[in-house]
Amino acid sequence: MPQVGVIMGSSSDESVVQETVNILEQMKIDYEVRVMSAHRTPDKVREYALQARERGIQVLIAAAGGSAALGGTLAAWTTLPVIGIPLASSELKGMDALLATAQMPPGIPVACMAVGAWGARNAAYYAAEILGLHDEQVRQAYEDYRRELRER
Amino acid sequence: MPQVGVIMGSSSDESVVQETVNILEQMKIDYEVRVMSAHRTPDKVREYALQARERGIQVLIAAAGGSAALGGTLAAWTTLPVIGIPLASSELKGMDALLATAQMPPGIPVACMAVGAWGARNAAYYAAEILGLHDEQVRQAYEDYRRELRER
Amino acid sequence: MPQVGVIMGSSSDESVVQETVNILEQMKIDYEVRVMSAHRTPDKVREYALQARERGIQVLIAAAGGSAALGGTLAAWTTLPVIGIPLASSELKGMDALLATAQMPPGIPVACMAVGAWGARNAAYYAAEILGLHDEQVRQAYEDYRRELRER
Amino acid sequence: MPQVGVIMGSSSDESVVQETVNILEQMKIDYEVRVMSAHRTPDKVREYALQARERGIQVLIAAAGGSAALGGTLAAWTTLPVIGIPLASSELKGMDALLATAQMPPGIPVACMAVGAWGARNAAYYAAEILGLHDEQVRQAYEDYRRELRER
Amino acid sequence: MPQVGVIMGSSSDESVVQETVNILEQMKIDYEVRVMSAHRTPDKVREYALQARERGIQVLIAAAGGSAALGGTLAAWTTLPVIGIPLASSELKGMDALLATAQMPPGIPVACMAVGAWGARNAAYYAAEILGLHDEQVRQAYEDYRRELRER
Amino acid sequence: MPQVGVIMGSSSDESVVQETVNILEQMKIDYEVRVMSAHRTPDKVREYALQARERGIQVLIAAAGGSAALGGTLAAWTTLPVIGIPLASSELKGMDALLATAQMPPGIPVACMAVGAWGARNAAYYAAEILGLHDEQVRQAYEDYRRELRER
Amino acid sequence: MPQVGVIMGSSSDESVVQETVNILEQMKIDYEVRVMSAHRTPDKVREYALQARERGIQVLIAAAGGSAALGGTLAAWTTLPVIGIPLASSELKGMDALLATAQMPPGIPVACMAVGAWGARNAAYYAAEILGLHDEQVRQAYEDYRRELRER
Amino acid sequence: MPQVGVIMGSSSDESVVQETVNILEQMKIDYEVRVMSAHRTPDKVREYALQARERGIQVLIAAAGGSAALGGTLAAWTTLPVIGIPLASSELKGMDALLATAQMPPGIPVACMAVGAWGARNAAYYAAEILGLHDEQVRQAYEDYRRELRER
């Protein structure tokens, strides 16, 4: 049963999202990956978000570029914490996605990460920090990673 | 029966949206005004958009600030033309809303106007241009306005 | 008889505009393509815009980079709806064209799309949305496309 | 015993941070507020962060303007989830703080909220989402708030 | 007979343009002031530009905000040197007008000044520099001003 | 005897400046090219600017990237019209040079062109417009070019 | 005999520069204040910079807005360390001055501080850090201030 | 015994930092190079900064990209002058690092250089200017370089 749902707005975002997935695997966090778009498949996003909590998911990660509504739309349909990865996939190279992800109106927060691969990796680490509050194994894996960072 | 649905993300946006309304009235275009948020009331937005065409609405106008997902969310649920007014309501003063409104992904267009009151007025004029393609009275009212602009 | 006029500011913009054309063809929308510049050939733009409506054109699509006056200039000479595609052809990579296209003064609206190929495709879809208000065949083609997007 | 530590970089940020505090109180989340600076009092930040988890704190909220290193510095010293509120306190009005908060390098995530008061409120709601994963009372309070948002 | 034509896009720009006028008067440069818009009154702009040279005008100064096409449109219709003053009249506070004025495509130059009052004053000084190449009186007046600047 | 002095801040800018030179040659405008830097060789710039008018030069063209003080420095030392070409040679790709060139303080104008090759070409055309006010041959060459642009 | 020369581009910048002066006085650093402009009084800047070292000055502080060439011009004429304070005096509110101050070409460094009053204060502290390398009294005053910051 | 400590946030920044090193060697300035991160190894940064002065170091140079807290963190722990080199290593290409480095709060200055290789070189030259105040050999080496720049 996945603890984390990783959603990307387009299958063309796959290579960046793979960075998230790799880290979730290293942390032994159960996850699932879905491709769905706030704009092209809003009903899939709605259904996914509405059912996420009861399916046992605890954190949602949303990667999208351009006007990047995916994170905000998931957040609109659920009260699970949503982590947004702004992607540099449009001609404006991520400044658009960064502002769209970060500038959420009061009441519906999204946790905005850095643009692109940095953010993709940090989304997984941030999920580990959240899960680690009550999952000793995840916490340990993340602490180990951080120790390794320090000692490298 | 309204031809144009004017939606604002928050009732605090009312004074800017009034500029849209004033012009729709001058053009004798039937309209309705709604307050609903892509993030706070996504189901209201979804239902409104899904029913808009069969209720006779031909153009949607969406005013929102910050991550400004309103226009894109309406566009996701309908195939009616959506006109977006990016508002300067966040601390970033509209650059966020402009990019979020304009940078829509392929397949789900939104017609982005200028930030703030300029865009609020032009949204009404653009609606008049669209309606004017098949409504001689609206077209005439808009042509009269444009003539007046030229002769002022 | 073309329903849509697709104008590019320079023949060097052709590959991006081809994205618009491909979609108009898929939607079976009649169109014509012209190269003319608001700055280099203002009289061609003026004449084209002044005659567009009586030639049966219903929507104008203008693709331009840099100071990107093409959409606004067409809009100045006609009351047909104009859709602007800001291009990333200058050294500033489209931020200039985006602001020039979106920030139209009150009275003369232009519908600004995303920068570059995203916008080029959406300009065609937005034209389909406008035409589809009174052209059942176009509407059906666009609805089919949107359904396909959802089901892909 | 506080579940959430709310840190501001300067006492001049107090009025914005009050928005965070008001919401934590509404959600009946135990919190504490501290003024400390990544640049002016780095040892206080270090000690605070190093002891936070054992003191029972589960989420850190950091509000700072300008180069806004507070969130990242806390994140450097702890593996608790850190939520950053970029403030518009410098002459650049928050764009600096937004980029500094969001663009964290891989390994040390910070959850960036919107600039200023929007972000101050959302930081509290995001904390509620995280705590609500294992605290039924907080979750209920947040769900109630979200329901109220929908029904307002 | 005016040597310089000062054009503003809207009568609301009058107070900034007054800065230009004051300096032209100090330099004893003959000028005329017109209000006309590239978007609202394109025919007036066209006629004005087409006749400017034969009416004895040697330099055109164009002040406009937002998408700021005025300078570029004048330049499109004449081969006289055009000086553009980008104004901070839109919600984006002049960054839009600056990029639109400066980023002219090859072949149709506009001399972009600073945004707002700085640029309004410098437009007059730049006109003095151009006229001063062949008008000893203007040159002397400008040299006197520059000497005064140095000695103040 | 050169009418136009073309100055570049660094010999690494040579390929862009070649665009200026090519057009000056096409217009049969006499010119000279110099490499000197406002920062690295300020005395050369000062001497060049102080002597330019008496050497018969009528227009100065300055190409520089980054903080791009070259145009402003030349303008500080002479009352000849200076045309600035902001170059995209720094990591910020010309936005820095554009602002530095355009945002001159009142009293010392520089005519800012577009970033990079567009501006390099337009600097030559703008020089032709200035010289063409009193040099019938240059004016004719430029009018011919503009006619060709229209008819291409 | 002054150790630090504080230069402002315009007397209208006086209130911001006063922040620098106040701190230099608190640190008991000898200083002098001058108003001179890289653009309006280049010879004054040149002479001042050329004589600064032999007059015993060890650090130059330059405050300027807009294209903000003052710091770079001083640096061009001397090998003393120059600290630049970008001011928000133009319509672009300091982003222009920040880029112009920071983006110096290789060989002629300027130490860029924050925009406006933050930078004005830090320029004085940075001067104290430089002087404190060999002036025990200044170093002690600055260490005291830093201790006070920590203990406040 | 090193006079200058050159710190980079990540070993992937090595090629840019090599530009700094090359110049320090040309100036015969003793230096050491360290890789440590404000975020990943904060204790290393703290210890390094706390011991730097007593180890004889006089100037610190910090190269970092993204939220670029390295320079500010070093400055927080020491009163030695810190020179920051913002790197273009994130998807936002250095604008993030530039703002994070320059926009330091009052009390804790960092001398921000240009983004990337320009700044890497100027950091070394600025260190030479500081050291040259009391080290005749360094001063001479730097003066020689500047003379060579002028004469090249």
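Going in written order, the chains are labelled A, B, C, D, E, F, G and H, and every chain counts its residues from 1.
Simple rule for what comes next: contacts are C-beta pairs under 8 Å (C-beta built on N, C-alpha and C of every residue); 3 or more make two chains touch, one makes a residue touch a chain.
For clarity, every value in this text was computed on a predicted model and none was experimentally measured.
Note on connectivity: the fewest steps through touching chains from chain D to chain G is 1.
Between chain C and chain F, the least number of touching-chain steps is 1.
Residue-number overlap of contact pairs with D-G passes half for only one option from E-F, C-F or B-C: C-F. Chain centres here are Cα averages; for chain F and chain G they lie 31 Å apart. Mean C-alpha position of chain A lies 51 Å from that of chain E. In this assembly, the C-alpha centroid of chain B lies 35 Å from the C-alpha centroid of chain E. Taken residue by residue, chain D touches two or more other chains at 40, 66-67, 90, 92-93, 95, 98, 102-105, 107-108, 114-115, 117-118, 149, whereas all remaining positions touch fewer.
Of all possible chain pairs, those that touch are A-B, A-C, A-D, A-H, B-C, B-D, B-E, C-E, C-F, D-G, D-H, E-F, E-G, F-G, F-H, G-H.
On the side of chain B, the complex with chain A involves touching residues 9-10, 37-40, 42, 46, 65-69, 72-73, 75-77, 90, 92, 95-97, 99-105, 107-108. Those residues of chain G whose C-beta lies close enough to touch chain H in the complex are 58, 79-81, 83, 98-99, 102-109, 111-115, 117-119, 121-123, 125-126, 129-130, 132-134, 139, 142-143, 145-146, 149. Chain contact summary for the complex, chain C toward chain A: residues 88, 93-95, 98, 114-118, 149-150. Contact residues on chain E toward chain B in their complex (touch as defined above): 40-41, 43-44, 66-67, 90-93.
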